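Note that the chains are named A, B, C and D in the order they appear, and that numbering of residues resets to 1 at the start of each chain.
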Amino acid sequence: MVDNKKIIEILHSIATVIEENNSFLTELDNVIGDGDHGINMARGFTEVEKKMDTLADKDIGAILKSVGMTLVSTVGGASGPLYGTAFMKAGTAIGAKTDMTIDDFIAGLNAAIDGVKMRGHSTTEEKTMLDAMVPALNAMKDTISAGQRDTSLVLSTGVAAAKSGVEHTKDLIATKGRASYLGERSLGHQDPGATSFTLILETICNNL
Amino acid sequence: MVDNKKIIEILHSIATVIEENNSFLTELDNVIGDGDHGINMARGFTEVEKKMDTLADKDIGAILKSVGMTLVSTVGGASGPLYGTAFMKAGTAIGAKTDMTIDDFIAGLNAAIDGVKMRGHSTTEEKTMLDAMVPALNAMKDTISAGQRDTSLVLSTGVAAAKSGVEHTKDLIATKGRASYLGERSLGHQDPGATSFTLILETICNNL
Amino acid sequence: MKKLINSIDNVENEMIQGLVKAYPSYLKKLDCGNVVVRANKKEGKVALISGGGSGHEPAHAGYVGEGMLDAAVAGAVFTSPTPDQILEGIKAIATDAGVLMVVKNYTGDVMNFEMAGEMAEEEGISVKQVIVNDDVAVQDSLYTVGRRGVAGTVLVHKIAGAMAETGACLDDVQAVAQKVIDNVRTMGAAIAPCTVPASGKPGFDLSEDEMEVGIGIHGEPGTHREKIRPADEVTDLLLDKILSDIDYTDSEVAVMINGAGATPLMELFIINNHVADVLKEKGIKVYETFVGEYMTSIEMQGFSISILKLDDQLKKLLSAKADTPAFKVL
Amino acid sequence: MKKLINSIDNVENEMIQGLVKAYPSYLKKLDCGNVVVRANKKEGKVALISGGGSGHEPAHAGYVGEGMLDAAVAGAVFTSPTPDQILEGIKAIATDAGVLMVVKNYTGDVMNFEMAGEMAEEEGISVKQVIVNDDVAVQDSLYTVGRRGVAGTVLVHKIAGAMAETGACLDDVQAVAQKVIDNVRTMGAAIAPCTVPASGKPGFDLSEDEMEVGIGIHGEPGTHREKIRPADEVTDLLLDKILSDIDYTDSEVAVMINGAGATPLMELFIINNHVADVLKEKGIKVYETFVGEYMTSIEMQGFSISILKLDDQLKKLLSAKADTPAFKVL
């Protein structure tokens, strides 16, 4: 599917997309959070960008773990430990490979989700990033079960599911994260973390 | 000229005029001071109003001294001690009369001016109330010297002179009071205290 | 955005440096980031660490000193610090008696401190934590993340800090911190928002006649929005909610009237005037009152009221000596 | 005007009551008006009284207590108190050692205190005064009323108060107060105005990119208006004026970074970061720094820098114990 060179390329693109969506994500967080999700993510991925040169020759597992550690130590807030844990767990799951398959990708996302659930004491239907991550994972698994193994196609079903997941967060009352303080007032607004995850997945898909 | 009943009537009118010009005077003070001259004067004359009933039977000197004391103890700021001293000194100069002449009025204003100069360590051409008081006094004296003794007419020359005095304060750089901190930036703006004195004199004139 | 700053990227850093330069006899900054510790490490006692996003000054670094905290970790504005930063703070202050982390109940803070605590434990430091959740504006239920931690945190610092100074063991310091948490309730309101420098825009909008009741210290929405009312009525709104959350009948209390950053002291005293009257009328005895800026939200206009129910132990610890830049008890 | 108040007429009154109710062990209010004295009168020492218009909280009532003032008189917002009020304060605190009045240099304050002093002398109380004039934004000349009294006044309270506490005679307390006045200089800047409740309108207008340099504590205009600049440059503007007014070469100083009311502590610390660097570079040694709200202008956004040149006597008195609601030295 992709080798370690490609991973670096994709990470660059993710950093660019996050930076481009800094205000958009911050704006979303302004409505139901504290207005910093874009700022936090951009701060983290700017640091990831800076470390990228030193990672070029590393295996995929090592690259992802390093990205995770950088996010943990620069993002702060809720998204730092969550995305950080997600990348670290994905790295561990994929391991010391320089080339990965769609199955590796699925295993990585699966581990990332477990990491977020563990760290965030959270699950789906709580109006968090999990409400984009889990539907995306399930959709991709279904696509593969249906016999499809074209990575672009599998990924695009994931992106579509993540996007509907984001839409679905508008119908949810937040019970985790800062938006939960709003109770019913969180209804009608999409979750910033679910949105940033979808942007990341879409960027991966577009770069394959 | 006027008896003690009339004095009470005039003081009521002054209180009303000051209240009506509260914002105007405050606005003037906003530009070259701290924006409270109208508020201060209104606070003082509201208290004067309250005390008026108890003064109805007193002589003119006692009435004016009591007004002065009320102003001193309620106005605060620069105008409190100055107007307070002015009224007290005028009361002392006029003395225990129940009827006063134009000469008594002139003597009273003269004493008031001396009181302001003493208390304020100030003189004319410093952009203060004195720049309306002194020209008014001089104009009235001149009118009387010219053989005129009709009180209304004498007073109206005083009001006219006070008004040009106020205009003249626009050409002065303040060297006393809060406006002096502005240096040359005080140019072009009329002095609030000179304005309030002119309003008071005009009210006396209109009520004769 | 009209602010007296230099560059948006350096706000937190210059602020912490300016603080440490103002109080060098109290404070020292670690090289690894915005971690402030006591100028002279105190051995032989439980060490207290707290922290959170910047923007709540003087919290938390202003409370580092004798009788309160041993370290404070400052994240980016309104963003929890990261685990590695917190870990550096823990390592710098750790004694054999252990370390207590005082964490405000926000997902980010809880997770980052938790990770730091795990890392410190791996290095052989014994670490415990308490989670402050005093804001009655939000519901506490098993199915949510619970109440937010707000100004009551400062009272936790004061009392747990005094307890640690007596040489009490980690369990006892944790227990008294938890006792404060169990007995303190806070609620706030705002009439104008604040602006996170990096965002450049106010965190929320209020029209000229509106206020947000139950505002969070990051500008998070509260219970509802309504037309602004006279100070006494706003105070009643908040007091009602606070006083119906715990039974304060016949008890002695500490009161904190906390300014959000741009609210003049004049208004905070006017608010206290009514708080004092209401408590007196209800037979609740005020043992100590604190009026000022303790847990701010940059330049938000608003305030919060905290009421801590006291017993003899808490009274004694509240009145114990404290010598920190922002909180002193003689 | 968006404020947390009840009625415009009661602002000063409710504020003073709220203050006294917050600190009953420190403060007592006289029945005759907004005059605050120590809860327990201290005999056998020179008594210090200060005051002025309200709106500068915690000045001056917050500084009543051991080691600082014996009484504070609060006028209407930004308006000097009246002689009869001041006289009541003097009478309440007068001891055989006499009374020192600490007056800020405004025509109104000077005249009202002067009248009160005359009245007190007539009643057989010996009264002296000092006039604080630390604001270098305005020219001091024989032909003007001279410089304004601003935040440096708090340092006069601190040091003269400590001197009085030693039992020094009236002349000596007056002399040391005058020494502080001779050696302290202040200058401020504002980026947004404040609103006197009774007026309902901001005291001045500034456009979104402007600042007023040399602002007075009542919003009086300063030296000039210009485009807002980074905090360090604004700080340099003020420091240049202060440092060229007295020769501070090789001396030790106390620094006060004073918030005007709505400026977040975050920004004050950022300002102190630069002040500390500049002074260090110039070889001026900082003995003590105070960052916070000491002499505010309701909810003005801005700050001032005060620099007091110290000698051994002033250093000792500055570090002496003070226990007041708003200023504590352990």
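Structural remarks
The working rule: contacts are C-beta pairs under 8 Å (C-beta built on N, C-alpha and C of every residue); 3 or more make two chains touch, one makes a residue touch a chain.
Everything numeric here is computed off the predicted structure, so don't read it as measured data.
One finds 55 Å separating the Cα centroids of chain A and chain D.
We define each chain's centre as the mean of its Cα atoms; on that basis chain A and chain B are separated by 76 Å. Chain C and chain D, compared by their mean Cα positions, are separated by 29 Å.
Chain contact topology: the protein chains form an open path, each linked only to its neighbours in the line. Here the touching chains pair up as A-C, B-D, C-D.
Residues 2-7, 11, 14-19, 21-23, 54-55, 57-58, 62, 191-192, 194, 208-209, 228, 230-232, 234, 255, 257, 261-274, 276-277, 289-291, 293, 296, 298-299, 301, 303, 321, 323, 326, 328, 330 of chain C touch chain D in their complex.
The touching residues of chain C, counted against chain A in their complex, run 53, 75-85, 106-108, 111-112, 115, 137-139, 143-145, 148, 196, 198-199, 201, 203-204, 216, 218-221. Against chain C, the residues of chain A that register as touching in their complex are 26, 30, 33-36, 39-40, 43, 72-82, 119-120, 175-178, 180-183, 185.
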